[in-house]
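What follows is a set of notes on a single structure, which appears directly below.
Chain nomenclature is as follows: A, B, C and D, assigned in order of appearance, with residue numbering initiated at 1 for each chain independently.
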Amino acid sequence: MSASRKIAFIGLGIMGSPMAANLVKAGHDVTGFNLTQPPIDALVAAGGKGASSIADAVKNAEIVITMVPADPQVEQVILGEDGVLANVAEGTLVIDMSSITPQTSIKVEAAAKPKGIRTLDAPVSGGEAGAIEAVLSIMVGGDTADFAEAKPILDALGTTVIHVGPAGAGQTVKAANQLIVAVNIQVLAEAVVFLENAGVDLPAALDVLGGGLAGSTVLNRKKANMIDRQFAPGFRIDLHHKDMGIVTDAARAVGAALPVGAVVAQLVASARANGDGSLDHSALLRGVERLSGREVK
Amino acid sequence: MSASRKIAFIGLGIMGSPMAANLVKAGHDVTGFNLTQPPIDALVAAGGKGASSIADAVKNAEIVITMVPADPQVEQVILGEDGVLANVAEGTLVIDMSSITPQTSIKVEAAAKPKGIRTLDAPVSGGEAGAIEAVLSIMVGGDTADFAEAKPILDALGTTVIHVGPAGAGQTVKAANQLIVAVNIQVLAEAVVFLENAGVDLPAALDVLGGGLAGSTVLNRKKANMIDRQFAPGFRIDLHHKDMGIVTDAARAVGAALPVGAVVAQLVASARANGDGSLDHSALLRGVERLSGREVK
Amino acid sequence: MSASRKIAFIGLGIMGSPMAANLVKAGHDVTGFNLTQPPIDALVAAGGKGASSIADAVKNAEIVITMVPADPQVEQVILGEDGVLANVAEGTLVIDMSSITPQTSIKVEAAAKPKGIRTLDAPVSGGEAGAIEAVLSIMVGGDTADFAEAKPILDALGTTVIHVGPAGAGQTVKAANQLIVAVNIQVLAEAVVFLENAGVDLPAALDVLGGGLAGSTVLNRKKANMIDRQFAPGFRIDLHHKDMGIVTDAARAVGAALPVGAVVAQLVASARANGDGSLDHSALLRGVERLSGREVK
Amino acid sequence: MSASRKIAFIGLGIMGSPMAANLVKAGHDVTGFNLTQPPIDALVAAGGKGASSIADAVKNAEIVITMVPADPQVEQVILGEDGVLANVAEGTLVIDMSSITPQTSIKVEAAAKPKGIRTLDAPVSGGEAGAIEAVLSIMVGGDTADFAEAKPILDALGTTVIHVGPAGAGQTVKAANQLIVAVNIQVLAEAVVFLENAGVDLPAALDVLGGGLAGSTVLNRKKANMIDRQFAPGFRIDLHHKDMGIVTDAARAVGAALPVGAVVAQLVASARANGDGSLDHSALLRGVERLSGREVK
């Protein structure tokens, strides 16, 4: 176990709440702030402290962790007038665990550095279950020394905590993760419709496919959703749509071709346009069914 | 171990030779035929028998196994004038383990049935290494009773032997396997170029990606090829090109949409057109690099 | 006007009937054969002659024209036991005007040449209206001298009769035509949904688009269909689906990449799977609407 | 000819310079401003006036026309501290003829309206030649009354001046134009490589294709570039890359699917990544050649 640190945690949503609670459990002194009060109360009940504003939350913090929905919230919460950078002491380490564009993470670092504030981008994968069970994968971008300081803290939140490069690199790897996941789901969906149309025993087929080179975590975890047409999230298509926007923009910015990624981004957008935004991303199957002329309920 | 059977094995190539040898090892009475003599001699040295023609090979066989490159060879070897169906006794079980179109497997069954000859399509995945080590995945289409008879024999060749449906179903699942593998490789390649262009530590990134929902057998087995740009096969792009033709045709025949599969089929064809046909299929990375403006040696 | 020739015309369908009638009008001695009698009677009423079989139709012919639905019919009508090649005299010129794969046209030439029979492939574009009004575009593959002989005859059927290369070249150009048309329709459909979703005045927008570099024959002829959602054919999606199969196969055979063509082939197939096969190909708009989450009636 | 108006023209680049000169020729009182002096001097030589700043240019203007490269310049020139909105009188009509995102045009209108300043978005197509010869197509978004006032002025710049909807609609139609043009070029390029690989006489084939349903302005104007591999711009791939970013973003914002547009956006980006950014957009042919394994010089 690492030494106890004074941590401000901004953003107690579906992900942030269990993460903050896990930091309390790990022995840290955690002060939480959120736009609504109930999650703050819950954190206090779990042994943390509550704050009435960002300024209040961060005033004595050694470490600030932010976990908010998207780029605009990061801009507001970290860079805004009453935000983190305007209120923390020099030397503070700000770890943004939101999933946003690499460009914004780089902008955060650029704004923080002249003030002597250190920053890391540390987006996660693993979803709500991973947050609760503290088994997240955490991809960290930033300076090596800052990563070394953050590592013991992040170890209380996940099982895989890896330094992948300079500022923005965490977001880049998260974006790559979402790219691979979306495409692996899409091709599995194409295979499922093909197998069914051809009259194959689908569960048997997916078993044999999973045992060979076609095997994947997506196949293991999502095949039941597909076989049973049960698409309770899990990870919502709306969120994956946001992420496909991030990865296509980021790839464009660095001159990397995404011929397949771009097609799948369209198919994720199509799923959303068809009202499937709040379903699990395995519901990309429904899009393949529509394209194949099946009635989709 | 299963009871010893009289097996004719037609097609002693890179895959067929070690498979026939494994059947000998399992105690079967195996007679091999091939268009060239050396593999026949090797089989004899391994304890099998040699034949001078298909007719000669199958004359006393209870089971005939065929393992040839593509549809035209299956048409010739099984359906041709001097082929298997023209020479085997009624009741023989013919197991075609070639990777071909489901349509041809269905045609083979249709030709065999009126003569009282039983057929299974049983394509494999796992490559030369899988054949040698007898750890192939084998997807079997055909009648349940015929599968039950074949199962103990096929267990000598692979670790996963699954009945997936009627005639052609084995080929359909193999086609789905190749579809998923090609797309999983392609998106991994897109991710690799994206990560590198963005300045991320690639091996670290692939480690963290492999641990989450983006993980796959393709990522595990092919990431070293991609990191090191070492594309010794493995499974050749030329063969995967053939297979993408099979899956796009078969999906078209059953009205299943392959929006991503069709794009990847073009990219596999492009790799071949660029002279990468004899490289491992992980060399799809070279195509993404070309699209991204990198010099590819 | 050209000299009168003895012409056998095999295949009096929607296209063949008006074409044969136009040859009669141009002063030729035309003997028609069809699998059903009524079109033969109609040709006789128009001044032609009827035949009771292919053999009967071609027995005195200097020129044989065939116009049938697809590759299998060409194989049967020209190459079959009782087909054209088995019955015509040495030196006869056989002009196949069906739209088929280049490979089959090359096969026809290869079968004819040893018998001293000359062949041309001469597929058309322009549809039923073009056939009736004799304003077809005709793309001809084969020997230059044979084209020179056929030209005055074909001039009675179309306004653009062009020699584009050796055997199969006519089919290749027809395939390219269908490729371009399908993609031009698809992108117009994408633009229409985009413009409508953005609240733009669609007819005004299409007018201005038609006047610039985005202008095309597809835009001119199909914009009314799209604005009014009237998809009476015209050229049916079922037929375009056949043609996309031809062009993707032919491009694969010659190592040409069709990244966009392959995607559009999937979308044409999807339209068909959704029950739009008998609508005009401008109904690709309905597929874009489905992908965009609109209800399509 | 319309009544003479006092016009400020901001942005005297390749497009803006001849446009401003054409307004002078049409009898208007034109004051130009540009970041560099030579184009201002040229405008003065042509009978216009020069200004030393945006404020100086617009101080007596009834109409302000802006023609700058992209969104950031529009934000600066129109919305910036020393920009147009900060300096014009109430009631002025600001016509932004730059090609930018619809979102920015809507933002410009939203900023102008409270100040009583009227705005139109009026992007053009037709390129430098169209600007010089005053034959541009101009797509106008904004209020009907403002369009009516602008129409006689814009008629001095183009031959097709059409009101297509509210603020942003001009940009939307321009985006649709660029979408269609890029895809029509791409499919023509795919057809060219296919035809050449198949051994067809390319100029003859393109002639016949141009005469039928595959005909398009792109085919007419770009076929010589493709046949001769001469890619002097014309319209540069770098600019089309910018435009594909606009259209994919704008379509995403309104929930319109661009399955083919998204693939072509990747191929345009790929052309740029391969160093073809300063070539004419018909150089998309080089990308198809690369995918097809040809050496491209």
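To be clear about the criterion, a residue touches a chain if its C-beta (ideal position, glycine included) is under 8 Å from a C-beta of that chain, and two chains touch if they have at least 3 such contacts.
In this text the structure is predicted, and so the values were computed from the model without any measurement.
Q: Which chains contact both chain C and chain D?
A: A, B
Q: Based on CA centres, what chain would you say lies at the far end from chain A?
A: The most remote chain is C.
Q: I'd like the Å distance between the centres of chain A and chain D, where a centre is the mean of that chain's Cα atoms.
A: 39
Q: Starting from the mean Cα coordinates of chain A and chain C, work out the distance between those two points in Å.
A: Once rounded, the distance between the two centres reads 53 Å.
Q: Name the residues of chain B that each touch 2 or more other chains.
A: 255, 257-259, 263, 266-267, 270, 272-273, 291-293
Q: Residues of chain A touching chain D in their complex?
A: 245, 248, 252, 255, 257-259, 262-263, 265-267, 269-270, 272-273
Q: Which residues of chain B touch chain D in the complex?
A: So the residues of chain B in touch with chain D come to 259, 263, 266, 270, 272-275, 287, 290-293.
Q: Quick one: which bits of chain C touch chain D in the complex? Just the residue numbers, please.
A: Interface residues on chain C, with respect to chain D: 102, 125-126, 137-139, 159-160, 162-166, 168-169, 172-173, 175-177, 179-181, 183-184, 186-188, 190-191, 193-195, 197-201, 204-205, 207-209, 211-219, 221, 247, 250-251, 254-261, 263-264, 267, 288, 291-293.
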